[in-house]
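Two complexes are shown next, each including chain A; its partner changes from chain B in the first to chain C in the second.
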Partner chain A sequence: MRYVHLYFTCIKRSMISRLEYKKDTIVALFSFFFSNLCSLAAVYFILQSIPALAGYSLAELGFFYGFSMLPISLDHLFSDEFWLVAYRRVKDGDMDMHFLRPVPVIFQVFAETFQPEGFGEMILGVALITVCAFHLTVTVTFGAIAVLIIGAVFGAVIITSLKVAMAALAFIFKRSGPLLQIIYNFSSYAKYPLAIYPFLIRTLLIFVLPFGLFISLPVDTLLTGAHDPWLLSFAIIGVAAVFFALAVRIWTLCERRYESTGS
Partner chain B sequence: MIEVNELSKVFRKPIRGNGLSGMVKTLFSRQYEEVRAVDGISFTVPDGEIVGYIGANGAGKSTTIKMMCGILTPSSGSVRIDGIEPYRKRRQVAQHIGVVFGQKTQLWWDIPLIESFKVLKEIYQVSDADYKERMDFLGEVLDVKRFLSQPVRTLSLGERMRADLAASMLHNPRILFLDEPTIGMDVLVKEKIRLAIHALNKSYGTTVILTTHDMTDIEDLCSRIILLEKGAILYDGPLSKLKNRFGNLKTLTLTVPAEIRAETAPLLSPEVALSEEDGRLILRFDADNVPLEQVIQYAFRDLRAMDMKLAEISIGDVVKTILAQQEATDGQAVAQ
Partner chain C sequence: MLKKYKPFLRAGAIDTMAYRFNILIWAGITVCEVACLVFLWLAVYRSSEGGMDAAIHGFSYREMIAYVVLTTIFNFVTYNNDTVWNINTDIKKGTVGNYLIKPISYRGKFAATSLGNLLTMTLMFGIPFYTAALVTLGSLGFLPDLSFPTFFAHLGLFLLAGLCASLLNDTISYIFGVLCFYTSSGWGLNSLKVTLISFLSGTLLPLAFFPAGLREIVNRLPFAGMSQNPILILMMKYDLAQSIRCVALTAAWIVVLELFAKLLFSHAVRKVTVQGG
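Now for the complex of A and B:
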């Protein structure tokens, strides 16, 4: 309970920081919205020239793309600070302040930034899903809806866990940004149905970097009823729990290797 | 109470070549060198003491402080803060210590100072009554009220340091670690910071560990100093004893008529060293061996002094002498 209260206090602080520079905030919001719009347009133009991909229609592919933005946007809202840790903050010895406070370091990093840009992605994702849903002819079941929601929420947990684990390596390597970037880039594979990939990548995307597990499989469940929604939900929650526990463990182990910098 | 026992920190660094080609070679080399930043030091600081932790740049002061407050994990040995090792139970110790690094602020850069304080209040779980009491105390001794509503980014260096000090004292820590709190400050701010440290120590019995290069800080604040060189302790004890390490050294500076020169002036005794600087004569002697009275008589009678200034050896001079001696013996050791 204490941590919930503390989290909101810190988030309020983060928002005050963001609003401190008025013009910067407006430019950031505008540019973020615009860049998302551009990438959506790019996808639209590409998909338009290929009327179907591995048997999926334009609307279905749009649905995939929109849905993939949900877990990514949730992760973006809550864990953006880990990018800075991976790229810069450990190398610059800028983590000292967190080690001096009577709160877990990992909690402080989460609470350091709340990234409202995530809402932009979320709104675009929901809009895209809604538009595409009107062009779909599927029988919507309760199970399919449930697995989509679980996929989005626990998918975000999985993305965040990967991010935390990769950022933690910065305590050993001083800078782990590029590594985090590589892992994160795999999420763009999951914007398309798994069926279009060769076996190796498909396996990788389900069992190793499970972006496919929480994006493609739930969408397939809605579109074709290919998987049992409850079993899939169970699997996603289980994987998320394991990933998160591992990530926190890796972080706390690596954290002790922090060397700061000379002063 | 702080107990430091056989504490060491070794950094392992790859041996680097110079320039781009050297750096590329470094990538494929497996050679490492070990830098012993802190090398087996031990000391104990009882509650309520103000200790000056001094030494040249790179002597290992900051590294020790960072181990004492839980940022760094020692390579060997231990630190106990009230019986707890900070790098093992970091959170528990953090609740009771305050830390200021003169070179790095721990405040949030772009928000008004008061907002930073509000967050720290939550982090350290300071009650409303305590918070108010602390703010009144700190507002008075550090004069932070004036710029509470300004973002930290817009504060001057002196204001920022006072803000950082206030932030570190907000939760009434039992121990305060100050790593160069007066670096780059003007004399007035330095004075204010010293008074605040004094007031805190008097009112709350806070233990203070202070590193500084400003010997006035040491003389004003510290009853005890620990002198560190190349990761090892050279001296640990009261300030007065360090000063008398080379005897009761005094310097007498004389303004004399132009015809009195150092080379030709009569000598009082071989124990009074005579030198000349900017047309003035300087007498250096140990007042325990040569009575001061005698030297002053000699200055008036034989050197026809028109004006004189008597000075004790400064703590800075003592430290300089000790470090120079140490360097000389190290040099000999290497030569052998």
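Now for the complex of A and C:
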């Protein structure tokens, strides 16, 4: 309970400092919408020249793209500070203050920033899903809806865990940003159905960097009923729990190795 | 006259050298992205009406993969200046004041630095990467058969087009940088610039895929010369006359945008408030 209160106090402070730069947020939001619009236009132009991509129609691919934005945006809202830890804060010796306070460092990093930009991403994702859903003819089952929601929420947990684990390595190597970037960029693979990838990449995207597990497989469950929704939900929650536990463990181990760079 | 910019050219070249480890990591990231694109295009051709042997908008799947690989290398080698960032920092820290009172042009400083970056990148990464890509793609039959004298003419025009593209990119970056005088949102402006260029230059997909009306317009904009045209010159999809026209169009755009940048700067500079510095 004390932590919940503490979290909201910290977030309020971060929001107040953000409001100083309103115009910046508007420019950032605009550029974000514009870049998604361009990627969507690109997919649209490509599909104009072929009947369907690996059996998926335009509306179905739009659904994939929109759904992939949900777990990514949820993660974006809560854990943006880890990018700074990985790229800059450890290297600049900027983490010392967190080690002097009587709350876990990992909690403090979460409480440092709340990124309202994530809502923009979420709204765009939901809008895209809604528009595409009108053009789909599928039998919607309760299980399919459940697995989509679980995929979005626990997918965000998996992304955050990967981020925490990679950022933690900065305590040892001083800078782990690029590594985090490589791992994170694999999320763009999950914007398309797994069917377009060769077997090896498909396996990688399900078992190692499981972006496919919580994005492509749930969407496939809705579109074609290809997988058992309950088994899949169970798998996603299980993987999320394991990834989160591992991430916290890696963070705690690496944290002990922290030496201030003192500059 | 130009001698005073030589230190900036040198600094740009050395700066790039110092960050070669970062550049290698970026190369790793880029390889993952290219792989994703290649899979996507293979799926597109597999799903097309004519199957794998189809030509979509004049590109066979072999040419498309060559196009994706070569544009990626081209962008990697040609575009790595931090002009928008540096102007943004100069404004935020107030160091822009130092440049305004010195007898060199603020614009010239960035152009020289960018050329320095381009020089190092071309020598250190461009030559090995292009050679490896051309030899590999060529021996897999992904490029047309090379007849040597024509190929060298195309190669020469490609290098010229690359130089123009780099200058044009710096001009556009500079314009976006000067816009930081008005908003101070360097991050947003920079990503807007990157998106605009990657979409309209044909990096995301060749402009031939755009709907006809839009394509006609985009082909005349400066961006086509920043990625698609240089690569199509290198791949010999354009004949010599067409290649020369493309380079000339890009050069003309540099002049026009350079004039625009000058006007914009003289307006923006009145806005600047130097806080200490």
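Here is the rule we go by: the second predicted complex is superposed on the first by the 257 of 263 C-alpha atoms of A that agree within 3 Å, B and C clash if a C-alpha of one lies under 4 Å from a C-alpha of the other, contacts with A are read in each partner's own complex, and residues count from 1 in each chain.
Everything that follows uses one rule, which is that contacts are C-beta pairs under 8 Å (C-beta built on N, C-alpha and C of every residue); 3 or more make two chains touch, one makes a residue touch a chain.
Just so you know, these numbers come straight off a predicted model, no measurement behind them.
*Asks:* Record, for the superposition on chain A, whether partners chain B and chain C clash or fit.
*Replies:* These partners fit in the superposed model.
*Asks:* Pick one for A:103: touches chain B only (first), chain C only (second), both, or neither.
*Replies:* first
*Asks:* Once the two complexes are aligned on chain A, which partner has more residues of chain A within touching range, chain B or chain C?
*Replies:* The partner that reaches more residues of chain A in the superposed model: C.
*Asks:* On the A-aligned overlay, A:23 touches which partner chain: chain B = first, chain C = second, or both, or neither?
*Replies:* Touch status of A:23: second partner only.
*Asks:* Can A:53 be said to touch chain B (first), chain C (second), both, or neither?
*Replies:* The second partner, chain C, only.
*Asks:* Please indicate which partner A:13 is in contact with in the superposed arrangement: first for chain B, second for chain C, both, or neither.
*Replies:* After superposing on A, A:13 lies in contact with chain B but is clear of chain C.
*Asks:* Once the structures are superposed on A, label A:258 by its partner contacts, choosing first (chain B), second (chain C), both or neither.
*Replies:* First partner only, chain B.
*Asks:* Check whether A:189 is in contact with chain B, with chain C, with both or with neither, and answer first, second, both or neither.
*Replies:* Second partner only, chain C.
*Asks:* Using the superposed model, give me the angle at chain A's CA centre between the CA centres of chain B and chain C, as a multiple of 10 °.
*Replies:* For this superposed arrangement the angle is about 90 degrees.
*Asks:* Where does A:35 make contact in the superposed view: on chain B (first), on chain C (second), on both, or on neither?
*Replies:* Touch status of A:35: second partner only.
*Asks:* Between chain B and chain C, what is the shortest CA distance in the superposition, whole Å?
*Replies:* Nearest C-alpha atoms of the two chains are 7 Å apart.
*Asks:* After overlaying the two complexes on chain A, where does the chain B footprint on chain A coincide with the chain C footprint?
*Replies:* 21
*Asks:* So in the complex, the part of chain A that touches chain C is made up of which residues?
*Replies:* Interface residues on chain A, with respect to chain C: 21, 23-24, 27-32, 34-35, 38-39, 41-42, 45-46, 48-55, 178-179, 181-182, 185-186, 188-189, 192, 195-198, 201.
*Asks:* Which stretch or stretches of chain C touch chain A in the complex?
*Replies:* 22, 25-26, 28-29, 32-33, 35-36, 39-40, 42-44, 46-49, 56-57, 183-185, 187-189, 191-192, 195-196, 198-199, 204-205, 209-211
*Asks:* Spell out the residues on chain A that touch chain B in their complex, using ranges where they run on.
*Replies:* Interface residues on the chain A side: 2, 5-6, 9-10, 13, 16-17, 20-21, 93-94, 96-97, 99-104, 256-260, 262-263.
*Asks:* Would you tell me which residues of chain B are touching chain A in their complex?
*Replies:* 11, 58, 62, 66, 69-73, 87, 90-92, 94-95, 97, 99, 101-104, 106, 108-112, 115-116, 118-119, 122-125, 151, 179-180
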